[in-house]
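Each in structure tokens, the structures are laid out below.
Both of the next two complexes hold chain A, though its partner changes from chain B to chain C.
Right after this comes the complex of A and B.
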């Protein structure tokens, strides 16, 4: 029972960052209809920027997180501007191949810039874990969860309460009509991609100090983000948030009770099972798939 | 002229080991040939049915592992049952690898073709990742990250002729060349059969194809079986040539290599994967003296992006357009399509 409780706490902490990753990816897919293979690289980029600001420049820990998020946003906007802008309306396979190309370029550029040796970012918080009864939580992880939840809430507010969010939702529903109503579709696309990328970078900046930072860290992040998004249904933001926690839970349970070697396999098994029984995702209203 | 081109190409490539002194270059040609075989199989799915399968390396790896394990022998316990397998000849291994990969193609086709587009792509990636993790973690069978060493090379021959073991690069080169020719002929016959026309119809317009009575799932699954089996053969040849395999064979970059070969050469053309395969198989040899592996991958990535912008149909269709216009060939490999170019709407 105590063990289960600890797993649930771990679930919450990982789930927060997974949800960030998933929301970013699902936003981009929902609005732009682009399967973003660079998502995991943006996650790795966020982590490296965290390392750059916090360790190399020696800036404040929390300020570094903010800067890393902004850096992710800028890179996202740059990718959209150079690669996707002229290919708007191209079929989904074309943009997918573009994104795979960009993924390879980004990952190897990271390897070239930072070298293959894993980097770590020291945490300014006390390393003694916080012990509540049978559960122990490190301060760093609790902080990660807190910031992740704040970012999720912020994203929710941007999408549901601002004019920009309204324009984004309109584009999501029908980009043609939205354009006729005076929404600048190109700007919305750039902003959507930047916002999604910023969320991925945020997840990287938050998890970088928890784990180590390595050039290939983005691969699994991409694939996990896909798993989360499929769980929730492509383009479904609430679904992605819940999907993040479900994936974290199944990984915890899989690693804790089956075998830690198969921790990373849980996401893919979930994808396969969900698509077998409910291809539109767990939380989707009926929609066309594909 | 065009009719004789395949024969000239075959004659040229058959002569290569006779005059090529550089053993490293010959080795690169063998490995590229194996990847070309895999790329040809991927082209069936990506080029002819239009389904972007990004888990293709799974079939390749399954073929490699099945073939290696068949010829090495293994002993595992599953649910308390001890299963022991004595080593069989490598040729049987390759055949079994082909069959098992084909069966996996059937199962994954049945599963994955319930969905399309982005969903299909993600399912195919997931499948490859699950297979990779199994290869990594089922240590009793696959030796996990420690790899399976000492895979015997292919032997050919019959009881009455005696057996020849193919140790050398030149012998393996001819095996791969023959395999590519056979695969080419099979794919050509498939593509020009009613089955091939059904695949192309599905690629062009699935709803319309269904309305004229083409069974979507049946043809897509059939394509997945052929593609899986052919990739399995490539994997088997790879295992017996390299003689050691580890879970790295399931690297996503291997799938990417196949995809680049197909789209660079020209998806949905018979010669495309071969042209793309030659370019990307030999590029590392040319590049290795100038750039490190990371920069080489960066160039690959940039080339991929460039191709989408400059030659969205690939090299072979571009060349055909260049030469085909004057001769007015009836042998156009790209059948009539509803949308001849996939140019972006602007």
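Right after this comes the complex of A and C.
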């Protein structure tokens, strides 16, 4: 029982960042119909930016997180502006191949810039874990969860409460009619890609100090983000948030009770099961982004 | 108010409009009739800036609008109520209306316009928090009209407003369009229901395979033998 409680706490902590990754990817797919293979690289980029600001420049830890998120947003906007803008109206296969190319280029650029040796970012928080009864939580991980939840809530508010969010939802539901209402569809696409990228970078900046930062860290993050999006139903933000926690839970339980060597496999096992019985994802019928 | 001169539009190799000209005078209701695929919707889409013109010009209030962005054309005062209503299905009635004034930032005026739409369409007022996809076809049409009116247009274009609606709702829709014109807004309407459209308009154009073949006041087209045979189903027209 105590062990289960600990697993549930761990689920919450990983689930928060997984949800961030998934929401970013599902937002881009839902609004732009682009399968974004660079998502994991934006995650890695966020982690490296965290290293750059916090370790190399020696900036404040929390300020570095904010800067890394902004850097991810800028890189996302740049990718959209240079690669995708010229391919408006191209079919999904074309943009998919383009994004696979961008993924390879970004990953190698990371290796070239930072070298192949893993980097780590020291945490400014106490290393002694917080012990509550049978559960122990490191301060760093609790902080990761808190910031992730704040970012998820912020994204939700932007989409549901702002004029930009309303334009994004209108574009998602019917881009032709949104254009008739005066929405600049091209600008909405750029902002969507930038927002999705910022969320991936945020996940990287948050998990970078928890684990280590390496050039290939984005690959697994990409795979997991796709798994989360498939779980939640394509284009479904709430679904992606819940999918993130489901993936974290299945990994935790699988690693804890079956074998820790299969931690990363557990998520994919869940995906296979979900797709066998509900190919549209768990929440496809519930409310979508709009 | 609106003038089109020798407009040519192409979709790839297909020429949808082969040099059409059309004039919509201020405060009038002008109708564009024709068969499916004649180029009626393309004409409206070209005016809205959604389809580029290959050649020719579109002028609105003396200003050339050919090649302008859709948002620019909307802000100059042309609203487009698209075919099939196209309300945002997962948004509430209120949010749909707010999308109609997306380019406006005059908050106070917007809320008085919202009140006006709600008093014009009490059904929408009752359902303002309801998701638009769950409205009936007639209610969706009212919402689409209200949404187009929220931009405070000088010219409002309707694409097949009667499509897929029950006969009594069609009648109601035409009455609303008539009242919009009476309140001083210019109307350009594309309609398959040729008899009703010709009966209510000031002036009409007949489009066939991308070319204007006939124009004149509504009665002229109603009494034209070709129109009677091809579009009104001769003999049934006055039944």
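Methods note: the second predicted complex is superposed on the first by the 285 of 290 C-alpha atoms of A that agree within 3 Å, B and C clash if a C-alpha of one lies under 4 Å from a C-alpha of the other, contacts with A are read in each partner's own complex, and residues count from 1 in each chain.
Just so it is clear, a residue touches a chain if its C-beta (ideal position, glycine included) is under 8 Å from a C-beta of that chain, and two chains touch if they have at least 3 such contacts.
All values derive from a computational prediction rather than experimental measurement.
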{"item": "Touched partner set for A:174, first chain B, second chain C, both or neither", "value": "second"}
{"item": "Chain B versus chain C as contact partner of A:279, first or second or both or neither", "value": "first"}
{"item": "Chain A residues touched by each partner, larger count belonging to chain B or chain C", "value": "B"}
{"item": "Partner chain(s) touched by A:223 [first = chain B, second = chain C, both, neither]", "value": "first"}
{"item": "First, second, both or neither for A:268, with chain B first and chain C second", "value": "first"}
{"item": "Contacts of A:58 with chain B and chain C, given as first, second, both or neither", "value": "neither"}
{"item": "Touching partner for A:184 - first (chain B), second (chain C), both, neither", "value": "second"}
{"item": "Contacts of A:133 with chain B and chain C, given as first, second, both or neither", "value": "neither"}
{"item": "Touching both chain B and chain C, residues of chain A", "value": "290"}
{"item": "Residue ranges of chain A touching chain B (in the complex, touch as defined)", "value": "29, 35, 83, 86-94, 96-98, 100-105, 107-109, 111-112, 219, 223, 226-227, 230, 234, 259, 261-262, 264-265, 267-269, 271-272, 275-276, 279, 289-290"}
{"item": "Interfacial residue positions of chain B with respect to chain A in the complex", "value": "50, 52, 54, 111-112, 114-123, 125-127, 129-130, 133-134, 136-137, 252-253, 256, 259, 263, 292, 294-295, 297-298, 300-305, 308-309, 312, 342, 344-346"}
{"item": "Residue ranges of chain A touching chain C (in the complex, touch as defined)", "value": "163, 166-167, 169-170, 173-174, 176-184, 287-288, 290"}
{"item": "Residue ranges of chain C in contact with chain A within the complex", "value": "48, 50, 69-71, 74-75, 80, 82, 86, 88-91, 95, 98-100, 102-103, 147, 151"}
